[in-house]
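There are two complexes below, and they share chain A, which is joined by chain B in the first and by chain C in the second.
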Partner chain A sequence: MKKIRDAINGVDLRRFRFLLQLFFFVLLVYGGYFAVNLGQSLPTFACGFNDAGRGGICYLLPLQHQLAMSWSMLFGWAGLMVLQGFLFFALWFFVLNKGWCGYVCPLGTIQDWITSLRTRLGVRYSRYTEGQFRRLSLIKYLLLALMILIPLGIGGALLPHDMGTPFCDICPGRMVIPMFTGDFSQLTIDFSTKTTMVMTALGMLVTGLFFAGAFFKKRFFCFFCPMSALHYLLSKPALLKLKKDGAKCTRCGDCYRVCDMEIREIADEVKEPRIMQDDCIMCLKCVAHCPEQGALKATFAGIPIFESTEQGFIKRMTKGHQDEHKPQ
Partner chain B sequence: MNTNPNEATAPAYNRSRQAREAETLLDRIQDDFPDNPEAMRYFYDLFRRVYCQGEPVKHEGTLVGTTCIHAPEELIYAFGATPVRLCNGSYHYDQIGADFMPAKSCPLVKATLGSLHAKAAVPNTQALELIVNPTTCDQKTKASAMIGAMGYQVHDLELPPAKESEEARLYWQRSVRRLALRLRELTGRKLTRKNLQQAMARTARAQTAFRTLHQLRKNAPALFLGKDAFLVTNAYFFDDLDRWTAAVEQLNAELQLRQMEGFQAAQKRAPRILFTGSPPIFPNLKLPLLIEEAGGVVVADETCSANRMLYDMTAVDEWLLNDMVDGLADRYLKPCTCPIFTRNDDRQRRLLQLAADFNVDGVVYQAFAGCQVYEMEYRSIADVLAAQGIPMLYVETDYSPDDMGQLSTRIEAFLESIKTRKRNAR
Partner chain C sequence: MTNRTLLILLFSMSIMRPSFAADPLWWSETMPHAEHGSSQHSHGGPVEIRRGVYHKNLWLRSGAGPIDARYLDGAISGRIVLIDVRGETKELSGGNVHGSFGVNFAMPDEGFYNLHLINESISDGIRQINIAKSEPLKHSCREGHDHVRPLMAPKQSDQVPLEIVRQRMAEENFHSLLGYGDTASFLVLYQGAPLAGAEVTLHTARGWRNSVRTDAQGIASFMMIRDYYPPWHEFERRHRQDYVVHASHTTDDAGSTDGGSYTRTRYLATLNGSYYPSTRDYRSYTYGLLLGVFALTFTGVAVYFYRRRRQKRFHEVRFDEKN
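This part shows the complex of A and B:
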């Protein structure tokens, strides 16, 4: 048992993650070809616009559709349907918590591939300053609020109907993910009405920013993701958890410096064991880069599944020292 | 140590006095205790050669002196230079250095100044082409100009007085990058991903060996004694990095063997002591030695001549130069528990965790007379330990041997009280 535990804790997380992300990418982007259908309540960007290949649908698409129903329907029996969709979403989410972002989300995976490309080219990353970070991390809540309020406004006939699914219009996933199945049709500006023109043009702009941003900044888009905000609101009862034993922490900051999301609390907080913050994508890099035995751990339903160990840390760093050609 | 070749010949008196001090101590370390590990012979011999016979410290490339653990040695190695830590523990040099500093100042700083001032000092570091002086405590900060006035090239490595804020972190990262530029000027070499990676691999191997040794000290009863552990980490100041690592790995192997055989280096009920405060630096190992001569065993420490110097390891996310250098900078600032920083919660937590992990019975807190920052943290540390029911002995001392008698009485009493406590607890 101890041997298995040591093997897991000593895992080459980068490789493990790469493979798992690849698996989920294929499942969600090409699963449709193999008749995979995981429903339409997935808590991750399995883009519904990828008609041919999708192995399931991102919950934000049906959510916006449903909320745009007329109020008489929404607040009547049809409201139960909305609740049901939300329940399935929540159930999916509870399994992996924000691990959906770090391991499953195709858009996250694409960003990690771009990062990998950058490091191979030997280009350094950029970081936000602390002040920028604090302000930027609020944007996702704003987007979440708009994503709910605009469809509600449409349902109440306060807003024009052609705003339909406002977040999808500006989500880079809508343009990027279908490209992987050869569908470039989303990469257009819709001139049918003024609103659609503005929204799709905005979408093009965001997609451009997505590529440029992700090249210089690790997980650039995740800082603004309303799905991430929605996740965080539900994250308390989730099964997969990130925990910290503050007494064992030396505050060396190793976890913080490898964090793609620049979460300082992971290093500085020593009192609260539930350490997961709203920006966290549960990639578990912090656990892998912590040299203190048991200071950080991921638990599933209370059972530790991956724990920081001195041996694991040394093993992973030694690999880094020897990796001459691949500075990723 | 002096660059002037005419002064390189040693006045016999100086060398002999300093050598006597070292020799007496080495004799005590070796002869007063039975069962010294076989692998310790390397270190005993090393100290005899360097401190008693004045053998020059071997080095490759440019020799760069450092006056504190904050100078990132990986950078120095990456430029093909060799770092040597100048912090000195000799009473002889403490007296010479007294000319530079006020009467009530830190013996470590005085001894360091004294050894730099002395002709043909021991350890014989030959020509120092640069001294990296991190601006840590007031005394070390002010020592910079004095060292400069002696004719050495000094680089003030600016260290922030606080380490919590992001501003401090970024300031320090810039400071470290400036050091890299200075080293490039000095050596005429370039810092590349490859040479830094290699340098980091070397220190990481040394740190891994140290950590293994550290973990072996958790064993109860103890596998080996603290006086030897201090000697090992003291050797890190000036020894060849790879040779040092190999010697420690050998020592670890021997201790692992001892562990399997159920060997006891100290009595089963010997009080297990955690050593903290001002650093024991050879030949001033007076306090740890007194503890172990009185029947205690130092099982762990929180000092900058041992644990704080070697324990914390660097993490890198992307193996590109910028991330590696920033990673190094973080490693030399963030986990540091030096009392010069504004707050000391990290030091408190570190001590409590060490006490728990190493099954410690009591803490000995050494404060050098004149080392104000350690003196000032005494109270907060005492309170935290008292709240956990861990007894602590606070010892204010310096490099002079005059208080040995008094100290040994106090230490014996402290150990005795721990034994009584343990008996009553059973």
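This part shows the complex of A and C:
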């Protein structure tokens, strides 16, 4: 048992994550070709606009559709359907917590691939200042609120119906993910109404920003993702958890330096064992790069599944060093 | 006597009227009177939801195309047969639906329902058999999409002599809409077998029509034209327009019935449907890509100059050795 545990704790997390992300990318972007259908309540960006290849549908699309129903229906019997959809979403989410972002999300995977490209080109990455970080972190809650309020306004006949899925209209996933199955039909401006014109233009601007942003900044779009905000609101009862033993932390700051999302609390917080923050994507890079035995750990239903160890840290660092000096 | 009572009385009297055999009969999903606007729409057709079950209204119209066909005030003789999603057949009776002759039936299951009216009359020694068919769809996204593919195949009825079967578009699903520029294909079956050389005519909402003959496989195809040109601020992407397709076939079958004797038999089948603005209409790749590339380039250049500005260049500090 100890051997298995040591093997897991010493795993090459970078390679493991790359392979797992690739698997989920194929499953969610091309799964439809293999009759895979994981339903329409997935807590990740399996884009519903990817008609042919999708292996499931991101929950935000049906949620916005459902909330745009007329109020008499929404607050009547059809409201039960909305609750049912939310229940399935929550059940999916409870399994992996924010691991959906770090390991499953196709849009997150694309950003990680762009980051790899930047690294290979030798371009350095950008970081936010603490003030920028605090301000930008709030945008996802604003988008979440708008994503709920706008469809509700449509249901109450307060807003035009062609704004029915406001977040999908501006989500880069709508434009980017279908491209992987050869569908470029979303790369357009829809001039049919003023509303669609504005929303699709915004969508294309965000898409351009997404590519440039993801090139310079790791997981650029995840800072603004309303799905991430929704995740955090439900994260407490989830099975997968990230924990920190503050007594074992030496505050070396390694965990903060490797964090794609620049979460300072991962290094600074030593009192609260539940360390996961709203921006966390549970990639577990912080655990892998922590040299202190058991200071950081991922648990599933209370059982530790991956924890920081000195041996694991040395093994990964040695391998990384060897990779850097390997002849190309 | 109230207006409502008068309407019911007139409607009851009109049931005794002769049938409208000379003109084609077809089902319409468009409500006869705009004031009955309280019902909800699913895929463009009026539906009513009663205790959570969708009920479809269809109205019978007489005339060549949507632009000039009239709604019927009174009932018409003949059988009305419904084939549900499971393939089960049942007879319906029509009646007054919001002031005109029509039918109302429940659609409890997801999928296509096939409604047929078979009406027969003899005039000038010709026996005319009208077959009006409609193929309404019941779908609610709330019930998911896993079950759609097996339900897409069109059904054929063994109860009608001449039938028009709409062929499915490539990759068609419950959300697919026939748009301008798309090709609609129809299979014409006579006694269950494809009928080659039959004349098939399509009438659109604005009065355009086109006639073709079925090929050796019994298929007739039409490209839907664009005939919706509103001012930009009035354009609706989901603007539904009706079309109706007729197919006729005449045989030398002679005989006699209660209505008299006849020397020939003419079959006239109709099928109604809807078409919409093309999803490609009003869309521009050029502007979309220009905006996307602009955002990408602008951000890239902005980051580059931001970084350049923050670089602290090496400045050699020289001290004045005299001091």
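Quick note on the criterion: the second predicted complex is superposed on the first by the 324 of 328 C-alpha atoms of A that agree within 3 Å, B and C clash if a C-alpha of one lies under 4 Å from a C-alpha of the other, contacts with A are read in each partner's own complex, and residues count from 1 in each chain.
FYI, a residue touches a chain if its C-beta (ideal position, glycine included) is under 8 Å from a C-beta of that chain, and two chains touch if they have at least 3 such contacts.
Source: prediction; values computed, not measured.
Superimposing the complexes on chain A yields a three-chain arrangement in which chain B and chain C fit side by side. In the overlay built on the shared chain, the residue A:T207 is in contact with chain C alone; chain B does not reach it. Between the C-alpha centres of chain B and chain C, as viewed from that of chain A, the superposed structures give an angle of 170°, to the nearest 10. When the two complexes are overlaid on their common chain A, residue A:D190 makes contact with chain C while staying clear of chain B. Using the contact criterion defined above for the overlaid structures, shared-chain residue A:M81 touches chain C, although it does not reach chain B.
In the superposed model, A:F313 lies in contact with chain B only, and not with chain C. Once chain A of one complex is fitted onto chain A of the other, the partner contacts of A:P291 are limited to chain B, with no touch recorded for chain C. Figure legend note: chain B and chain C, brought together by superposition on chain A, show a least Cα distance of 9 Å.
When the two complexes are superposed on chain A, none of the residues of chain A touches both chain B and chain C. Every residue of chain C that touches chain A in the complex is listed here, in rising order: 52, 141-142, 144-146, 171, 232-233, 235, 237, 277, 279, 281-285, 287-289, 291-300, 303.
Residues 37, 39-40, 51-52, 62, 65-66, 77-78, 81, 126, 162, 175, 184-185, 187-194, 196, 200-201, 204-209, 211-213, 215-216 of chain A are the ones that touch chain C when the two sit in their complex.
Of all residues in chain B, those touching chain A in their complex are 164, 166, 169, 193-194, 197-198, 200-201, 204, 208, 211, 215, 312-323, 326-327, 330-331, 334-335, 346, 349-350, 352-353, 356.
Across the complex, chain A meets chain B through its residues 119, 122, 124-125, 129-130, 246-255, 257-258, 264, 267-268, 270, 285, 289, 291, 310, 313-314, 317-318, 320-324, 327-328.
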